[in-house]
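Chain IDs A, B and C follow the sequence of writing; residue 1 opens each chain.
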Amino acid sequence: MIAIDTLIYSIGLAGVAAQAAAGVLEAGRKPFDMFGMVVVALAAALGGGSLRDLLLDRKVFWIADQSYLITALAAGVAAFALARVVRLPARLFLLPDAVGLALFTVSGTQAALALDAPWLVASLMGVVTGVFGGIVRDVLCNEVPLVFTGELYATASWAGALLLVALGTLEVSHGWAALLAGALVLLIRLGAMRFGWRLPVFSARL
Amino acid sequence: MIAIDTLIYSIGLAGVAAQAAAGVLEAGRKPFDMFGMVVVALAAALGGGSLRDLLLDRKVFWIADQSYLITALAAGVAAFALARVVRLPARLFLLPDAVGLALFTVSGTQAALALDAPWLVASLMGVVTGVFGGIVRDVLCNEVPLVFTGELYATASWAGALLLVALGTLEVSHGWAALLAGALVLLIRLGAMRFGWRLPVFSARL
Amino acid sequence: MIAIDTLIYSIGLAGVAAQAAAGVLEAGRKPFDMFGMVVVALAAALGGGSLRDLLLDRKVFWIADQSYLITALAAGVAAFALARVVRLPARLFLLPDAVGLALFTVSGTQAALALDAPWLVASLMGVVTGVFGGIVRDVLCNEVPLVFTGELYATASWAGALLLVALGTLEVSHGWAALLAGALVLLIRLGAMRFGWRLPVFSARL
């Protein structure tokens, strides 16, 4: 089991690094200095888990274990340095970001269930953990959040979170439930990227 | 007394529903997908109470009782569905929204007083509960917050909150104090809507 | 020692007042009403310390002691009133703001160290305390945060915070460490204002 825990922890760090690097590339469209880049990178990588922990009254994860903070910082600075030298394709980080989304969804939902949160709240905590960082990133860049308009992202997260909650009530073992839920997030997200799946855009008659 | 508690609880849910529906209509000016609408609706309906609970270190109200979350979600989706079919007048939600403002102001101020917050802090918590959701809604929509520029809204909330604090020091019973304070919020807000009362706009010589 | 504590407390209040007044001037470019100005002033003055306290799970400082809230409110209203009559130069508040930055950096870092936060987290809490208020102010005004693009500000804060952490491990007395760290923040910030020091602006090849 230690090997699996180590694997999950490593994937978590990789997800944080991917979201920090993607944050730097997103912020690169604005005339930010290096500090601005770093703040956007940290907000993108750590924002979702921070809001989850504040709402659930848990110790904030990157304060309890600063490996996450160091990883996000290092990934942000590395992406900053690289992007000054070579042309980084924006899609470079999409796959690790999708893996991170799956993992954050599962870990966020499990954290809420462990604190006896009601089922809908628990599933939403998975979504918050997965997508809130990207919303803060876009607000800081003074843009409408991408996650509100693009290919399925939060929906993938929510589907996986709901599956995890459902499997929990069916008394499926924690490990299998996490694996299946994470796989569902990943499948929907990769499908959305490949085939351009989207939610209907709102067109109110206002 | 159970009947009154039920009434207050129901008005609270109605206020949450009204702010969620109004959030959807506000977001409808942007090319958001359904997830974006739902997030804006939830932020508008639950944002104020969430910030109050975080600042006061209370359990977040919609995590403790997910009826609020379900109500906000249902109202947001219903408004979304309706607005695709018929033309919803933006003013439709103004009356329930004003009732919600009055109730949130009272409940927010009382919650802070119950935790022995100083009087100015307590009155501000009433305002935060009433108006912060609308500020988050507008920031997510990448707009200057409406509450900073329009007809009296936060001012109505603050007047009621200060009255509630004052009545508390005068040892007026809780029920009467709440009723009078809520009525003051409602009166000022409805008067502002009817007669266009506004605060002076800032015109600094910069 | 009581005299020094009183001095530090007074400087803290002066820093809060300076950031509130600067917030009003910043918001003055937008057509906000008086409530909008006050909210921006409060967010600018109290936002950084609030986020620090939420993340560290401490009692929010202006709820524990409402002197800060009253000071921010009074300074915001005074700046509002003054700016309607005379032309306030934007640079008027830069010196007290720099002093406030130094003090907030030191107090934020010390608060985190007192709770046994890891070193990098502690230094970041100093930066958060110093600069987050300005970020919220600019987001509310629907602008790209100034602190991401202008002369050295957060960098001055971070340098001082890291010095404070380093001096702590070297067992330098608390008083001297705070004084040296605060002086470093002030020196870098004043130098940046005088000589236009900046971080390199990001120029990703996107």
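We take it that a contact is a pair of C-beta atoms (placed from the backbone, for glycine too) under 8 Å apart; a residue touches a chain by one contact, two chains touch by 3 or more.
Predicted model, so just to flag it, every value in this text is computed and none were measured.
Listing every chain that touches subunit A and subunit C alike gives B. The best fit of Cα atoms from subunit B onto subunit C calls for a rotation angle of 120°, in steps of 5. Comparing the residue numbers each copy contributes, subunit A and subunit B share less than half of them at their mutual interface. Between subunit A and subunit B the centroid-to-centroid distance comes to 30 Å (mean Cα coordinates, whole Å).
Contact with two or more other chains is made by residues 54, 57, 139, 142 of subunit A.
Residues 54-57, 117-121, 124, 135, 139, 142-145, 147-149, 154-155, 198-206 of subunit A touch subunit B in their complex.
Across the complex, subunit A is touched by residues 24-25, 27-37, 39-40, 50, 54, 59-60, 62-63, 66, 69-70, 73, 80, 83-84, 86-88, 90, 139-142 of subunit B.
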